[in-house]
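Each of the two complexes below includes chain A, the first together with chain B, the second together with chain C.
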Partner chain A sequence: MKLDELALDALTEIFNHGVGQAANSLSELAGEEVRLSVPRVEELAKRSIVDQMDKRGANRICAVRQGYTGAISTEALLMFPFEQSLQLVQMMVGDDVPLEQLSEMEQESLAEIGNILLNAVLSSVADMLQIELEGSLPQVELGLSSTVLCPSGDFDSTILSLQINFEIASRQIQGYLVFLLDLASSELLEKKLAAFIGALP
Partner chain B sequence: MPKLLIVDDSSVSRMMIKGRIANLQPDWQVVEAASGDAALAVIESEAPDFITMDVNMPGMNGFETVEKIRLTNLSARIVILTANIQESSRAKADQLAVKFVQKPATLAAVQLAVDYFLAPS
Partner chain C sequence: MNGATSSPDQPAQSMPMWLEWMLSNVQTGLLLLDAQEHIAFANKWVLKRAAMRIEDIQGQALLSVFPVLAGSHFERALRTSIRSGFPSLLSQTLHPSPFPLYADDVQRDCKKALRQSIQILPMGPKDAAQAGQRFTLVQISDVTPNVLREGLLKAHAEKLSDMALIDGLTGVGNRRAFDESLVAEVRAAGRTGKPLGLVMLDIDYFKQFNDHYGHPAGDSCLRTIASLLRRICRRPRDLVARYGGEEMVLVLPETDLNGAVRVAAEILQSVRDLALPHAMSLAGPVVSLSAGVSAFDPVAPLTGAQLLQGADDALYAAKRNGRNRLYVVDSARQEIVPG
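Here is the complex of A and B:
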């Protein structure tokens, strides 16, 4: 797939809207503003994403993975630096839950945060492209970014990547959303993007 | 005493909803189910007045569970409380004549559910 500049721009805008919805949900949970970077939509090798994560000092991460099927197939990953996971859990369940209980709830809390954020983005994308997507149950993974992003070692496979960084300043939480679009879905995605662009005033 | 059934596969999510309900309606009795199948069993034994229903769950999803509930129970008021906020999900909730509320289960979101439960029919 080689999306032209206009199509990439449209895709960025569509994801931008979705990420705005997700940020709103996260902000409701955090009780404060969530700062977002401009989304970056690129076609690149998985190795490049791993390198980018490593450069940010996030080589050990906790991630929530959710697969989506329907008109297009995509895998969505919400990733945080490993050491921030308990802060996220605390944000979710409240500050008065003791630390030992937090650890017990870590996986469940991360799964639910991922479920809320990833669904907010994908729901918005589905609505804007007028398609329906069905999500799998969220899975929490902890490990090296290379293992999480490339479980089968396929570092050189090209994917359509959308990355957004977000930050909750007072809790010192930074996260990364990555959507890995199955290139087999590319033809339909291109058609849907063309329709979206064609319908613009 | 009104009885609420919370159906959600995430224990954290159930905990959040339960906590909000304790804040908003401290006299309500709360029962829980972690799946659609478990919900059907709890409904038979506990006959809740109100139900919050997640959508994305292992086994039967929330919409399928509501369809099954309605075969035998027409009176319980049901709120779909989900992160799946696609238009198609909202449309399914409309078809099933149940209220749709978007996650996260903040106090405001749970208040919307409570308002629906307590609204005059």
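Here is the complex of A and C:
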């Protein structure tokens, strides 16, 4: 898949619409304003995401994974450096989470937060590009960024990646949302994006 | 399902006996909603814990059966899932007990709401098309035991981490607690531009006290003085720690040199007032302390090590000049003077 500027812009708009919805839900959940933004959408090799994480000193990450099937089949992964995932849960839950490990129950709350965000983004994709999708329940994974992202070692395959910034009570968390798409899905996504752009006034 | 009389597409209508048996015995809550959010089915697990009968709730609107759900996050998540067709979940940590479900045990009198972990699973587009509408399965798990277990583990972990920072004999902070506190408070003082006081205290002729009265009496003397220090330094961020042997140290955030001197003077006087006999002291007939005081001045910041060195030098001066007194680092004149 090679998306041009126009297509990436359209995707950025679609994703921002989705994270806007998610921000509303998360704000209600947190009881204070949660702001989300997607500064950029890129097509990258998996390796460069792993490198970006490593550069931030975060080779251990925490990820929420959900699969979507239908005309397009994709795995969506919301990833945070491990430390930041703890902070995110702390901000959402309140301050009494000790800062070393996520317990089973805290992992579940991270799954809920990820689920809200991923579903909102994918709903936006499904609605705006008119693609019918079914989703799975979220799964939390902890581990090295390379093993979570590239379980079969395919570092060179390209993925669609969004940086997502969370801002809660003036604290900031940075995560990545990536979509693993197979070839057929990539092609359909390209087609749907072209149709979406063509239909713009 | 027992003699349900609702519309013909009620799923219970044509249910084989074994399926009905299985749904009645599965140890998790199952609630099926139709596209209008009416209850199409609830299994025995839910009915028992909600103290409801199927004939009373089948075909009823979910929110009229469970009015507490109106306006809840559950309602929001349900609407979103039904609209998008994507499953969602509600975690116990963020929503402890959305449904009014109670433990079915012998202690019926104390009704404890079950801690719930909830999954909302709407039918996908294909199944919904086949069923004629989008049904949604709400699956409720009782995670009360998990919550209790995590609570115990957390309490245990907190106790261990407290123990690692507390001096076993006196119950005040240990050397590690002091080291951590000094680093953190010096940083905080630098950031906020507020002063920070440091007081080092030493029990006069404590070795002679131990030799004369015995170590158990020495231990008891240390404990008495530690609890007196804690009584005087009672602001939440004040730290009292045992620095070593018979030396104690106080970290006093948002306290300037004069404030720290006042605290030290009050401590020295209070210890004399305890009137613990000390026959071997050359400083007086009772147990007394020597003190060295230094302070972090935001105008001329020091490192933690410099602050500590200053208090230690002042303590040494107090001891050299007769004990049972306090000396102060006057940073403006760069000298150590009686306080």
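Going forward, the second predicted complex is superposed on the first by the 165 of 201 C-alpha atoms of A that agree within 3 Å, B and C clash if a C-alpha of one lies under 4 Å from a C-alpha of the other, contacts with A are read in each partner's own complex, and residues count from 1 in each chain.
Quick note on the criterion: a contact is a pair of C-beta atoms (placed from the backbone, for glycine too) under 8 Å apart; a residue touches a chain by one contact, two chains touch by 3 or more.
This structure is a prediction, so every number in the text was calculated from the model and none was measured.
A.B. asks: Is the arrangement of chain B and chain C around the shared chain A a clash or a fit after superposition?
C.D. replies: Superposition check on chain A flags a clash between chain B and chain C.
A.B. asks: So, does A:44 touch the first partner chain B, the second partner chain C, both, or neither?
C.D. replies: In the superposition, A:44 contacts neither chain B nor chain C.
A.B. asks: Is A:194 in contact with chain B, with chain C, with both, or with neither (first, second, both, neither)?
C.D. replies: neither
A.B. asks: Who does A:103 touch here: chain B (first), chain C (second), both, or neither?
C.D. replies: After superposing on A, A:103 lies in contact with chain C but is clear of chain B.
A.B. asks: Pick one for A:71: touches chain B only (first), chain C only (second), both, or neither.
C.D. replies: neither
A.B. asks: Would you sort A:142 into first (chain B), second (chain C), both or neither based on which partner it touches?
C.D. replies: Touch partners of A:142: none, neither chain B nor chain C.
A.B. asks: Would you tell me the residues on chain A in contact with chain B in one complex that are also in contact with chain C in the other?
C.D. replies: In chain A, residues 25, 28-29, 92-93, 105, 108-109, 111-112, 115-116, 119, 122-123, 126, 132-133, 135, 137 are touched by chain B and also by chain C.
A.B. asks: Would you tell me which residues of chain C are touching chain A in their complex?
C.D. replies: By the definition above, chain C touches chain A via 73, 76, 80-81, 83-94, 117, 119, 121, 124-126, 143, 146-147, 150, 153-154, 157-158.
A.B. asks: Would you pull the chain A residues touching chain B in the complex into a rising list?
C.D. replies: Within the complex, chain A contacts chain B at residues 21, 25, 28-29, 92-94, 105, 108-109, 111-112, 115-116, 119-120, 122-124, 126-127, 132-133, 135, 137.
A.B. asks: Give the list of chain A residues in touch with chain C in this complex.
C.D. replies: Touch list, chain A to chain C: 25, 28-29, 68, 70, 89, 92-93, 98, 103-106, 108-109, 111-112, 115-116, 119, 122-123, 126, 132-138.
A.B. asks: What does chain B use to touch chain A in their complex?
C.D. replies: Going by the criterion above, the answer is residues 9-13, 15-16, 19, 56-58, 82-89, 102-104, 106, 108.
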